[in-house]
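Next come two complexes, and both contain chain A; in the first it sits with chain B, in the second with chain C.
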Partner chain A sequence: MTTAEAPATIRLPADVQAAAPRGWKRYRARTFYAFVSPWLAGFILLTLFPLGYALWLSFTNFDGMTGHYRYVGLDNYADIFRDPDALHSLGRTALYTVITVPAAIIIGTALAVLVNRPVRGRAAFRAIFYLPAVVPIVASALCFKMLFDSDFGLLNHIFNQLHLQTIQWLADPLVFWVMIAMTLWGVGGTMIISLAGLQGIPGELIEAAKVDGANAWRAFTRISLPLLSPIILFEVITGVIASIQAFIPALLLSIQSGTVAATSVPQSNYLFMIHAYAQYFDYGRFGYASALLWALFILILVLTAVIFKVSGRAVFYESGPDEAAQAAAGQAAGEQATGGKVER
Partner chain B sequence: MSGRFSRRRLLAGAATAAGVAAAASACGSGGGNTTLTIMGNHPSEITDSDVAGFSKKYPNVKIKFVTNSVQLLTAMFAAGDPPDIIRDQGVQNTPYLVKRDLAEDLAPYFARSTVLTDDKIAAVDDVWRYDGSVQGKGPRYGLAKDYSQDAMLWCNLRVFEKAGVEPPDPTKPMSYEEMLDVAKRITRRKGAQYSAYGLYPPFDVSLSAGVINMVTSAGGSVFNDDYTKVDFSAPEAKSALQWYLDYADAQVGPTVARPLAAGAAAAFFADQLGMVGYGYWFGGEVASNPQVQDHVRFVTAPQFGSTRTSPCFAAVGHWIPKTSQHKQEAWNFFEWYFGEQPAIDRAKSGWGLPGITAMNADLPEVKPYQKQALDVQNAEFSHMSVLKYSPYVAFTALDASLSQAFVKGLESGLSAGRLADLVNDTLNPLLEQGKELVA
Partner chain C sequence: MSRAVEAPVAGGLNRRPARPRAVAGRTGLYVLLVIVALIFLVPLLWLLSLSLKSEGELSTPAWLPKTLQWSNFKDAVTLIPFGKYVTISVFLAIVQSGLATLSSALTGFGFARLRARGKRALFLVVVATLMLPQIVTVIPTYLIFARVHLVYTYWPWVLWGLAGSAFLIFLFRQTFASIPMDLEDAAIIDGCGYFRIFWRIFLPMAKAVLVAGFVLSFTAAWGDFITPSLFLDSDHTTLAVGLSGGYTTAAGTPIYTALAAGSVLYVLPVLILFIVAQRGFINGFVTSGLK
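The block that comes next holds the complex of A and B.
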């Protein structure tokens, strides 16, 4: 574009030019800060400050009550690698994450596909599947305890009626699977997110693929799933973060209370956050426990970055309205026509 | 009048509303000039009636309760605004608090008091004294609201009856081995499902207190002379750990790795638990469960070693932090709560023995079970013993390390020696650090 082609300056009528912004518009900047300030204050006071404070504590030998603590450098971080309980708890957390995250996504997406179909009572099914996700976890844990209690639980009662050997469900090692079941009980949350994703996929794409010969499975795997992949990535990342930080299910399924609540959690449910909690409030090792949490924070950051990196090619981002989706539909139909082989 | 709100008017209105709300809030506090913050169990231990009586006596003091929680307490101390009165266990925590310079020395207050004088205070309250090296000597830092000799047992005679087993003699102590043997004979179970547990041993108040009591009875100590190290590998301590493993192996009652979901009391009152290791205070629970009152028996503490011991595991009471802003008001509450009507009401309820000796006369003995319990308790006083705790580590760490070791031991089949090593390895670095912190 040359200067000659530049548009002429638009001249506003004098009365419009003279009119200064009125009302709140005069204070756009101030209004912006006024609206974001509650969040900003909350972020600084409830996130940034505790993070910084915990970081500082992680370099000290503070015990929670004594004012005469001192700087210990990286000793607390080095202790993590010498602490067999920390490593054990990290292993159990990894196992819990590896099981619950894929299971929740697969079950949640499968349920979403089911309740996305035009079946009678669809709304009721959606509500039923989602309901456990809104039940407070304390109530869920209570129900699970009542179900699995060895003396009074429903399951052992049934076993008794069937003349089968009764089982200690809430003790090691079975209690781990009870915790997994309790976690997956709230899979309705994942279902709702996947359902929202499914409903965002234009129906005509599926129709087009079917017209071109794709069966339901191929239409799902070649159209729905790619278009759902950003949602699945979101579920993976939030699921991994939540699982690594899991604490309440393990604590609630442990029956002890008081000073031994955390340390009497069965070994198979001894998750990393349980260990950190025990170090803080049972052992009074505030410095070390803060180092554990900072190490966990760094681990989560690294894992998230790795997931983003690894998933880069698998996640299908729409580049423009309908373009990518149409490309996916075309690809699905093409693969169907060529027996699943993509011609390039 | 203009129908539009200007910003100025809006702000002025908001400011006025805030002022009115603040004024209303002040009026709503009952007109008190001072707010006394208590970290305690309200209304179960400090009742509404206790609060009402205090407010009548001191109308200018308003009482605010905060949840009894170590997390909250730590946060309040970190913020420099601790509660004015804090609930705690005198047996385990007095040396710890004093060494950290957290508790107010109450000697001057006691010296001035006409309500809480030395001649009225029970011997057990000495666990709230510490002179910097010996617990039981030096200034007082708190008082017990009530106490029990917590290694004693309550027996459900119906469980014994069903098993055809003679219940224990109320005043002759069983050995721990005998107690385990009795428990085996009265336990009824099918697979993992119990219709009657034999024993809930005396570890519920504090796991470490239960173990330390056993070790003391056997003539040992888990701590060295200056409380800077533990040695659970010593023969007396190792045999106490071994007893717990044997008890778990016998499957006669709940353990840390397999606790009772509904708690010991519920099982006891449902005639599904034969012996429960609780002190006199459990009589208060029995009072609320009339269905068992005709078949309960209170018996003396079992004896682990050669020495007969029957300690108080907790002596739960309250202390005043050194940094409290309202020490005088807190002390006024102390006098009211520990020495006046609330203390009499507590004694009458049977929920523990009073910290004021004269109030022993108020203990309930109307019903046969109450009389039996009181007779046994009166005989037990002469066997009262004191547990020793280190000032360098919180008792929660002792409880936690023992429970963690037991869970590992029971789930992985570890020996008592290995458990001892685990506890030593956990606690000794903490003790070393604690010593450095309070030096």
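The block that comes next holds the complex of A and C.
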């Protein structure tokens, strides 16, 4: 890759060369590296090194305390498949992902369509739908605990009024659905991304379809949706990455009398990362826990690659996959790339 | 004429008389929007309602308590070392987001305006870290920092700040890349070095993005739960952690009214920031950041 790079120096117009101080070269590699050095040092120290450290630990039986630990090869990885709790937690994470990712995209895009219409007060509606996405996770969890509390929660008050049996929402198995509701409450982030995508679609295209006799639904499914597909692909990938590593909602929903403990998380919310967290901080099995962490990392890499591969045909790129991928990356950075790059 | 109702209107609503069917459709749309908006607001409103109830009223379904129990808020700030937690939260959030914004601006400038062997590969690394699951690096970082005695100190936040954020680097790169070359050329002719060009010309031109970057990373740091709960001891921690572990009686039963009031106080700054900078959050920060 580096050979395709532009030459390190570039010839300046004669007058500029003359004006620049002696020995001054416009592009020096060291100028670039000086500018990016804080980030690069941070990346090596806080990302690469910890990842490598965890990889090394995953091949040992380190318990976090004793200095006596040894290389155990791939034993920790093999243990994952023999650990019923790990397999159970993987199943819960899979279920959580399979439910929340499509639900968030469908609800988020539907809301985006609603608030993209010329209705009075749509700025206020946009703000209200987006608001929960900026509420800190600790506060969201407290909100949902208080909404679903068995004694004073709003839901059980309503059930009481209707003379229905009150329900233990925050225990197995329903607490899983409380966690899903809490996750979907923050759907505003997805809505905003879909909205940016919708706003990038030229109005004339929809107009033309309407003139040709298409109704709103048909115009949406045949024009907006295909044009939105790179955005949806982006939402699928970031959504999958976020939900596979999710565990903080489960942890916070099960705080009891002020203590945070992975071991007090109910069975149905026992996500894969909760299991890894418990192995680290409750059982001190650092080697095995690191193997779980790396297994998660590999799983995410593989899933991302598979999603890219499978989506190849389903995603519509008007300007070629390369540019659209760039646009998706731009979207990742919050750039309004959707209008600029995908549609033109 | 029939498409007039559907057409997006630039400056407000269409004033032309609409047909009955369209009116019905529009009313339906409003009803739907209002219902969904209420669903989104209920969790926060219920929290607010609990924060103003008395202990005895908790088991009643009323939204509005008979008398507003403002004393809950007094409990909220006295039952736990609230002021200390707030100070630590604000301090860490300012340190981390200030450094992260500046460091990301530097890096973004490097990627946007400078050339060197390996730049393209490094930029791919930035994009890749956007997708990297955070927790995979946070726990091993904790183990390493524990060995070099950096846990229970505030240094990790300085380091995270200096390392910048992939998201902000991308944002700054896009911003700086869009600034015309002429400005840079002129400065070079005047004998400016690249650091001066960055500091005197590019940074002042990116004020909006600087503010956006700071606000976004400040809210992220304010809301962060997992790093303070791992890297700080429970006496010197942030409000996010102090809140979720506090407000219990000596016997360990939670005092829900104070907890609700404390949560309201904790969310309030974020909500105020959101309302003030709402347009920025929705139109600018999240979808473009480029103004």
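What we mean here is this: the second predicted complex is superposed on the first by the 287 of 344 C-alpha atoms of A that agree within 3 Å, B and C clash if a C-alpha of one lies under 4 Å from a C-alpha of the other, contacts with A are read in each partner's own complex, and residues count from 1 in each chain.
The definition used in the following text is that contacts are C-beta pairs under 8 Å (C-beta built on N, C-alpha and C of every residue); 3 or more make two chains touch, one makes a residue touch a chain.
Note that the structure is predicted; figures quoted are calculated from it, not measured.
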Thinking of the overlay built on chain A, is A:Ala262 touched by chain B (first), by chain C (second), by both, or by neither? first
If you stack the two complexes on chain A, which partner ends up touching A:Asn160: first (chain B), second (chain C), both, or neither? both
Determine, under the contact definition given at the top, whether A:Gln168 touches first (chain B), second (chain C), both, or neither. first
More chain A residues touched by chain B or by chain C? C
What is the contact status of A:Trp217 with respect to chain B (first) and chain C (second): first, second, both, or neither? neither
Pick one for A:Ala127: touches chain B only (first), chain C only (second), both, or neither. second
Quick check on the superposed pair: does A:Tyr33 touch chain B, chain C, both, or neither? Answer first, second, both or neither. second
First (chain B), second (chain C), both or neither: which does A:Leu114 touch? second
Going by the contact rule set out at the top, does A:Phe81 touch chain B (first), chain C (second), both, or neither? neither
For chain A, what residues appear in both contact lists, the one with chain B and the one with chain C? 64, 149, 151-152, 160, 255, 259-260, 280, 286
Taking the complex as given, what residues does chain C use to touch chain A? 3, 6-9, 13-14, 26, 29-30, 32-33, 36-37, 40-44, 46-47, 50, 58-61, 103-104, 106-107, 109-111, 114-122, 125-127, 129-141, 143-144, 159-160, 162-164, 166-167, 169-171, 174, 185, 188-189, 191, 194-195, 198, 219, 222-223, 225-226, 229, 240-241, 243-248, 252-254, 256, 259-260, 263, 266-267, 270-271, 274-275, 278-279, 281-282, 285-290
Residue positions on chain A within touch of chain C in the complex are 1-2, 4-6, 8, 10, 15-16, 19-21, 26-36, 38-43, 45-47, 49-51, 53-54, 57, 64, 111, 114-115, 117-120, 123, 125-132, 134-144, 146-147, 149, 151-152, 154, 157-158, 160-161, 185, 189, 192-193, 195-196, 203, 207, 210-211, 216, 237-238, 241, 244-245, 247-248, 252, 255, 257-260, 273, 276-277, 280, 286, 289-290, 293-294, 296-297, 300, 304, 329-330, 332-336
Touching chain A in the complex, chain B uses residues 70-71, 74, 77, 100, 102, 190-194, 206-207, 256-262, 272, 393-397, 399-401, 403-404, 406-408, 411-412, 426, 430, 433-434, 436-439
Using the touch rule from the top, collect the residues of chain A that touch chain B in their complex. 61, 63-66, 68-69, 85, 145, 149-152, 156, 160, 165-168, 170-172, 254-256, 259-260, 262-267, 278, 280-286
